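In what follows, chain A forms one complex with chain B and a second complex with chain C.
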Partner chain A sequence: MIRKVMDMKSAVNLIKEGQLLGFGGNSLHRTPAAFGFELANRGLKKLKLCNTAQGIASDILCAMDAVDTLYFGFFGFENQYGLAPGMRKGCQEGKIKVMEGPCTAIIAALRASACGVPFMTMAGLWGSQLIDQLPGFYRVVESPFDGTKVVAVKALRPDYAVLHVHEADEFGNARINGSDYQDVLLSRAAAKTIITAEKIVPTKTFQDNPKLTSIPHFLVAAVVEAPEGAKPGYCFGLYDTADDAGMKAYQKAVKENAVPAYLANVTERRA
Partner chain B sequence: MECTRQEMMAIATGREFSNGELAIFGVGLSMLAGYWAQKNHAPDLVAFTEGGVFGSSPVGGLPWGIEDTRISANATSFTNAIDALGCLVASGRVDNAVIGAAQIDKFGNVNTTGIWEEGTQPWKAGRYTLPKVRLNGSGGANEIACGAKKFILMVTHEKKRFADRVDYISSPGYLSGGDSRAKMGFVGGGPCCVVTTLGILRPDPVTKEFYLDAYYPFSSVEEIKENTGWDLKVSANVKMAPEPTAKELANLRAIDTTGSLRKG
Partner chain C sequence: MEYGYPEMMCVALAREIKNGDVVFHGLASPVPMTAIKLAKALGKEFTYVNLTGGVDPDISKPAEISSTLGRNQYEGTVAHFGLDEIFDLAGRGGVDISFLSLIQIDQKGRINMSYVGGTWEQPKLRLPGGAGSAFLTPVTNRTTIWRTKHDDRTLVEKVQFATAAADPGKDFTLVTNLCVFRLKDGILRLDAIFPYSSFEEVQKNTGWIIDEKNAPLMDPPAEAELAALDKVDPNKIRLSEF
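And now, the complex of A and B:
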């Protein structure tokens, strides 16, 4: 096994302009915020982001004009914190193109990539404008066996999945406690995975209970120790609710066009 | 160094693995070859099984199959076959693998489905006919043959196993040779060699027909040709595969704790 531990800057430097990234977690939960903040500092453009329900790691990149395409089923900060301000602004100003799906369609696209096929079929979906308006992503096709209509969703292969997890070893074996949402699938769909972990632990932790390993090490390109790396979001069992002041500060920053100052503040505090 | 034919085959197979590769070793003797490579020269060779056991280092003798619990020792992750075969193999992540066969042919096609009376093979009869011997089936070998970047065929060298054309293609090698496999558009590249109890065969880069590349200290070109069911071409540079070194053999016997390879 090969050691892959590095600092956040080095991991962020793996990303190139224009790449497709899949950030793990679900909305506020285990969003790889520390990674997203550091990436937003780099000033890359034309990034493409995909996952079922995206969080602040994605939103701050939208707010910094780093994103030109989003694939999502849902993108918001739930009842407590409302709409995602960076995404909303980018879309309303026409800077970001959205390939919207129900969450299952994003999952179908990732499953296609994970299985090495150009599309994955799923039931339902037709009749909505999602299908009519995104022929580059969805097509209605007929079963070759009995003519039943199904929707084909085009494969999405992220250049990197970026996942914030509870524990990882120095080789990249990673464990998620609580729901893994689409993180395990993202690691199989992406070309490579970057892990940010609350804690680096010995490999024996994984050998003692291999059933609890979410990501095997060979899929992983980088491991970064990032305690509280999902803040101002949360992480099951460790910090179970959002950092209210942090979320409000972020929303205020987007509203007042003061994201760079916010970013400088949060990344400086981590350094 | 004195060694058995099976030990030589295991070492010759293991030498085909490089450090850092992601591999599926298969089951049985091929697994010993893989774990030997890991111990001998490729410490960062990463292996998983088609059942979704990752990073294990089996103890207590040769696991008899992928479901043998001995295969799970020291594993770092357990998932399942949808993950291991359906995702990791099928999407083309695997660098190298070993596949066994009841029968292979000159283009490296693999038959693990059945043996038919001469003339009644489905491809000759033009329809599915009943086999004389029904074998255990493709298992995960077809996915590996299609998806792995390359794979090694590991087969006991007997005339009945080395056919001009297999009775049934359970897992594709180079099909009818030439560019016939390339036309199929598989993500995987096909068999890189056939390692047997007598020698090593490799595919011609253009015709894809397997020729004899190397014999062993205890075998000869003549013996290998006699035990092959097609007119085996011999490389102009045919050579003896390096004899196992003392270190290689010691490492193999440290892996093969129950002597599975010393019986044959």
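And now, the complex of A and C:
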């Protein structure tokens, strides 16, 4: 096993302009916010982001004009935190191309990549105009066996999955407590995975119960210790309520075109 | 006991659940989450799966936050059955009710969660996307849509874009804060009006002409239903959608 612990800046520097990234978590839950903030500081352009339900890590990149394509089933912050302001702004200004799925289609596209095939077929979707709207993502095909029509979804292979987890060792073995959402699949679908962890723990933690290891080390390119790395979102069992002031500050910053100042503030506090 | 929109909607949605069902909701779903727990508290025997993967959340642990991916939706559940597995189950016909929401719907049960105004490439208002709707609506046995604000900007004559669409061959129900519509022969028909509303109010707030002038009033929540509701939702998370 190879030691891969590094600081957040070094991990962020692995990302290159134009790459496809899959951020883990779901909406504000275990969103890799600390990584997203640091990446937003870098000023890269034309990033492509994919996951079923994206959160603040993705939204701030949209707000900073770093994103040209989004794949998602849902992109919002739930209930009182409402619509995602950076995504809306980027889309409404015509700067971001949206490849909308149902979440199921995003999963199908990741499954295709995870098992090494160019597309995956899926049930349902009939009646949705998404099929005709996005021929670069969906095609209707016939079963070669009996002619049944199904929707095929093109594979999505992220250059990196970026996952915020509860525990990781210095080699990249990682454990998620509570729901793992699509994080395990993302790690299998991506070329490489970057782990940000609430805590670095001894390898024995994993050896004691291998079935609880969500991501094994050989899929991982970098490990960063990032306590509270999902804030202002949630991390199961550690912070189960959102950082309300943090969420409001973020929304205000996007609304007032003051995201760089917000970013400088949150990344400085973490440094 | 007093009740308003949130309580009536939770009760109406709970009444949709039958013994033996498998029911699902995703994120941003406080009203269906509460309705499902209400149905459990009233003694219905069914299986409750949710986006976190927790199977049959413990109804004695009330929600503390309005996110429906909270800790109590997972901790203490009997099994992990993840979203990918839930979708697979739905694909093979194993999900009886998916609770889904929307921004706009038309009389044919076409749902818009993508954009309003402008074009796909540059919308006037970009919406959050349909989450599981486009997939789930055609494969779920009884799609159940909830919308907490019934107005003619939501219930429109024709949606600009159909993110998802009702399957005319399957049950499809729309529950708003005023009434219940059900799909019959591909058209949403007014099925019942909530006791505090009227045909006139429903029509005034709906973007299409409703034929069912004699739609009955639904029974108000029973005392037992309201008492159970307070027990499963003491923090009144249901109010967060209103």
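What to note about this one:
In the analysis below, the second predicted complex is superposed on the first by the 271 of 271 C-alpha atoms of A that agree within 3 Å, B and C clash if a C-alpha of one lies under 4 Å from a C-alpha of the other, contacts with A are read in each partner's own complex, and residues count from 1 in each chain.
Rule of thumb we're sticking to: a contact is a pair of C-beta atoms (placed from the backbone, for glycine too) under 8 Å apart; a residue touches a chain by one contact, two chains touch by 3 or more.
If you're wondering where the values come from, they're calculated on a predicted model, not measured in any experiment.
Chain B and chain C, once both complexes are superposed via chain A, fit side by side. Using the contact criterion defined above for the overlaid structures, shared-chain residue A:260 touches neither chain B nor chain C, since it reaches no partner. In the superposition on chain A, A:206 makes contact with chain B only, not with chain C.
Between chain B and chain C, C contacts the larger number of chain A residues. In the superposed model, A:114 lies in contact with chain B only, and not with chain C. In the superposition on chain A, contact is made by A:1 with chain B only, not with chain C. Contact with chain B, but none with chain C, is seen for A:217 once the two complexes are overlaid on the shared chain.
Looking at the shared chain after the overlay, A:135 reaches neither chain B nor chain C. Applying the stated contact rule after C-alpha superposition, one finds that A:188 touches chain B and leaves chain C untouched.
When the two structures are aligned on the shared chain, A:18 is found in touch with neither chain B nor chain C. Least inter-chain distance for chain B and chain C in the combined superposition, rounded to the nearest angstrom, is 14, based on C-alpha atoms. Residues of chain B touching chain A in their complex: 20, 22, 44, 46, 48, 53-55, 72, 74-79, 83, 86-88, 90-92, 147, 187. If you check the complex, the residues on chain C that touch chain A are 26-28, 30, 51-54, 64-71, 74-75, 80, 82-84, 87, 90-92, 110, 114-115, 118, 120-139, 161-167, 240-241. The part of chain A that touches chain B in the complex is made up of residues 1-2, 113-117, 173, 188, 203, 206-207, 210-211, 213, 215-218. In the complex of the two chains, the chain A residues touching chain C come out as 26-29, 52-53, 72-76, 78-80, 83-84, 87-88, 91-94, 97-98, 100-105, 107, 111, 122-130, 133, 178-182, 185, 234, 236-237, 240-242.
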